[in-house]
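In the two assemblies presented below, chain A is common to both, partnered first by chain B and then by chain C.
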Partner chain A sequence: MTPERPTATSPVVAEAEEAHLPEFVRRIPVGPYRALNPVTKATLAVVAAILAFGVRGWTGPAVVLVVVVSCAWTAGVLRRMAPFALATLPLVASILVVNTFLYPGAHDTIAKLGPLSPTWTGATTALQATLRVVAFGFSAALFALTTPVDDLLVELERRGLGRRGAFVVGSALGAVPSTLERAREVADAQRARGMETEGGLWRRFRGLVPLIGPVLFGALAEVEERTMALEARAFTAPGRRTILRALPDSGRQRAARWLLFVGSVVAVVVTLATPVRLP
Partner chain B sequence: MSEGLVLAGASYRYAGASKPTLRSVDLRLDSGRVVGVVGPNESGKSTLCLVVAGLAPGVIGGRLEGSVGLDGIELNAMRSPDLAQQCGLLFQNSATQLSNMTATVFEEVAFGPCNLKLPPVEVIEVWWALRTVGLEKLASRDPVRLSGGQGQLVALASVLALRPRYLVLDEPTSELDPAGTKLVTEALERIVRETGAGILLVEHKTDVLARIADEVLVLDHGTVALSGPAATVLADPRLAELGVEPPAGVRLERAAKASGLEWSAELAEAVG
Partner chain C sequence: MDLLQRWVARQFTTRVIVMMPVAIAINIVLGYTVQSVLKLPIYVDSIGTILVGCVAGPLPGAITGILSNLIWQYAPGIGAGSSIGPFAVTAGVIGFMAGIWGYLGVFRSRPASGLRLIVPAAIAIAIIVLLAARMYTIPQYSDPGMGYPSWVNVAIIGIGAAASISVALFVYLRRDAGGAWVAVAGAVTGIVAAIVSAPIAAVVYGGVTGAGTDVIVAALRQGGADVYNASLGQGLLSDPIDKTITSFVVFLILAGASSRFLARFPLGDRLVRVEASDANDAGATDGN
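On to the complex of A and B.
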């Protein structure tokens, strides 16, 4: 699949160039992966998840991991994926421990470690599950690192989601960091008034109670203000908004999206419902 | 009803409230004029802004009595998008004014013009708004990662970008340091001079009003306690009783006279 670079023949690009919009607004993507349409990148992430978790054996997750790492390298975000890999560590650790030591019905013991008996079957299953989780985590990271939220919103809006729908999605995504920030501020304020938030689990849990009200009601109060602010900025004007940035798409990308999606579903069905077994 | 933004006997009660927040307010804002509004907390200043901008009761409900008109047309007869182009409102809390849907300050300021479907060649005019509030260098920054003062300037630029004929500004300098306050004050003077916009300016800093307001209106418990030419109202001895601190020049003059020092027009000019 050869992604299209935005060219001067694209009406949006031509208009943006003619208007001398700054480079940081036009944001012409560099490299083949970054230049893909956000929906194509989202499709790739979904297909990666389907293949990583749906195809039996090592082949599915292994292929996904190789492709995702190659794409990340091409897009120049391979190093930035390290925190995402670290984030999967707790899950990976629990998968490895539970499966290796407690796999039900397995008797091919590797070694006796006191009361514990790790098994080859359990270890193999654990490694395969780990590969699936890591492959999926990396594909989600690749999507997040190469697709600005506003690009995704613009594309969804252009595809008929509408400005209200796009705003709801954008607000939901933006609500997470702003709610955390608000919770931090409220916690600091409560702490300054003597609330104890450090110590044992019960004390920490009790510390959460006075946070809930201010965070929840503050967020609700903000909704009304935001609604008014949007009205004051002509958000309810009829028709589609002006799009400042070209997000290239093409017949080949559209075809590739369908092909990948249908292909991944077929691959899952074949490995689950037929005698065909991949390594 | 005549030209300009006119409130005649306007009273407003929030939905579910037992008493009105504004009572029989008369106000007139003409093009190229600045009307300052001061008053203690809970005096109805922010509510006045919402009423003047047509958001109360238009968007948030409640009950309005009297009339609020723009160039002879009742505000409740106008659609919100049309009103946004006529009367821009800057909210007290700038954080909620930002859309959270854009990656750069430039795009945030362009949010309004894009909503109005203006072509990119016209959207590019947001540079003017950014220049006016001294934000050109921050144009490529992420708007949610700015300081409170910078966020307030972005919100102000966002209002200016719609090029409204009337601006309603609810404490535009509340989060700004002295340099930022000076920048905004000068920007507002320039806007009035260059675009002929009329500005309703709610401001606790009476020095700002002393510098740029033509008239001042003092609100107290939802009613107009004082109104008239800025110099007269800001020097009125009743101002302090209403919980408003007079401008530094007025306080200095009073202190000088109380100490028996001679106070001249030249000195007053120098104090500003």
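On to the complex of A and C.
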């Protein structure tokens, strides 16, 4: 390793950063939320998850929901989050029904509906859990909609993630749609020769084997080839890759990241371990 | 320190690095299909995790599990509305345990016959029965205050019996004593997974996760079990079955893969088939 080797802080990269790659190579996002560094957005998503799940009661999830929705509004993706809200419906329905009607040990019945007796305690718990799920779901959606995976990986690699980690995450994200596509093809093919995917439990259960086998063996067959390809391209060579594409970051964002993270952990510890109880 | 570093480095060869994303995709796709599309009361979202764990070691297994759940939750398209993210902890534990099973050589095919086939199978079935009995005697189940419905014990006995018979049949038909150890490893993994999952499900989601397993949770609550115990009860019913099935699937994949493919993984030497002639030095090769 020569001392001139370009690293993230060396002049070569700094110049590239300064020159701002032309827009047809890389469009730098603008706007108060979108312009944030991907790592900041990731930190926001993590903090949202910690607060929504860690701070009990109404406060944690409500605060997260408000912040996430206003960020989404600023970023102009509020409308595109609607399908995500719809997707939480089965989970939310399950939480509401099971908790409201079958909350163990609760006797403050709302009304008597035949054999069922919904309770206030159950309903409160259900609504709080729903709020948590929705707040967390929205924060995940906001992150997914506004952060290109490539950008995040590049930034993380610059901060020392290592090319192995970047490869695993990036490649897995790419492999999900292609494997899903393969599973769909296999399912169609098996249905064409008579596999049942609808009907009773046992019938659906039996449908698993002819589905899993081909998907698995197909995916594993690729491992050998890709290993060769990576080895041939010096994947295991020592040293770090130089990354030319640099995304803007600032001292303020760095401070904000640490503040948010530490703040959320403190908030969780305070509400869990001390008598302080938020509504 | 140096030893630790080498231990870590040995588990992450290029082949393992390539295998991990494939395994993550397998977990997500099969899990999504089984839980959200087929709505079965099992998960089938850890085949990739257990596969990586037992061919590469505990760390790659754990990382595969954790990343699977996180990527699943945050992946655009299928992650929305799923409740999988917080269970990354469970997935990590499952992968780590799979690595330990890999070190112990649990997933190795062991063609055998005669006593060498019957003794391990008997031990394995005994362990399954013991685990089932242990669950049967969990005080909560019989405590009327906990209020599990009366069919819980019947279900446990049924599952225990079905599992024992399937293992016996599998071992006998394939003449492979390895199946017995796989069943035990799967059942133990499942019980640990259930114990790790229950508090997550109870605290984060109020006990229900929007998957097919919610039916069981609802049934247990109908009987009067509290939030945590209903989740634990559901886990103890679903997880051992799920992980045993998953472990068998992994075992069949490994048995179907070529020795050349397996031997190149870090734990390859613990996976490749013990030849019948080595296993039975008495020479009882049974005509294969």
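The rule is short, and it goes like this: the second predicted complex is superposed on the first by the 216 of 279 C-alpha atoms of A that agree within 3 Å, B and C clash if a C-alpha of one lies under 4 Å from a C-alpha of the other, contacts with A are read in each partner's own complex, and residues count from 1 in each chain.
In this section, a residue touches a chain if its C-beta (ideal position, glycine included) is under 8 Å from a C-beta of that chain, and two chains touch if they have at least 3 such contacts.
What you are looking at is a predicted structure, and each value in this text was computed from that prediction instead of being measured.
In the superposed three-chain model, the partner touching more residues of chain A is C, compared with the other of chain B and chain C.
By the touch criterion defined above, A:222 lies against chain B and chain C together after alignment on the C-alpha atoms of chain A. Of the two partner chains placed by superposition, only chain B is touched by A:166; chain C is not.
Of the two partner chains, chain B is the only one touched by A:244; chain C is not. Of the two partner chains placed by superposition, A:69 touches none, neither chain B nor chain C. Contacts of A:270 after superposition: neither chain B nor chain C is touched. Residue contacts after overlaying the shared chain place A:153 against chain B, while chain C stays out of touching range. With both structures placed on the common chain, the touch criterion links A:233 to chain B but leaves chain C unconnected. Residues 167, 170-171, 174, 177-178, 222, 224, 226-227, 230-231, 235-236 of chain A are contacted both by chain B in one complex and by chain C in the other.
Residue ranges of chain C in contact with chain A, taken from their complex: 12, 14-15, 17-22, 24-26, 28-30, 32-34, 38-40, 44, 47, 63, 67-68, 71, 73-83, 85-86, 147, 203-210, 214, 217-218, 221-222, 224-227, 230, 249, 253, 256-257, 261. Listed in rising order, the residues of chain A touching chain C in the complex are 45, 49, 53, 83-84, 86-92, 94-95, 97-99, 102-105, 125-126, 128-129, 132-133, 136-137, 140-141, 143-145, 164, 167-180, 183, 197, 201, 204-205, 207-208, 211-212, 215-217, 219-220, 222-224, 226-227, 230-231, 235-236.
Considering their complex, residues 50, 53, 55, 58-60, 79-81, 84-85, 88-89, 91, 93, 96-97, 99-104, 106-107, 110-121, 123-124, 139-140, 144, 158-159, 162 of chain B touch chain A. By the touch criterion given at the top, residues 15-16, 18-22, 24-25, 148-150, 153, 163, 166-167, 170-171, 174, 177-178, 222, 224-244 of chain A touch chain B in their complex.
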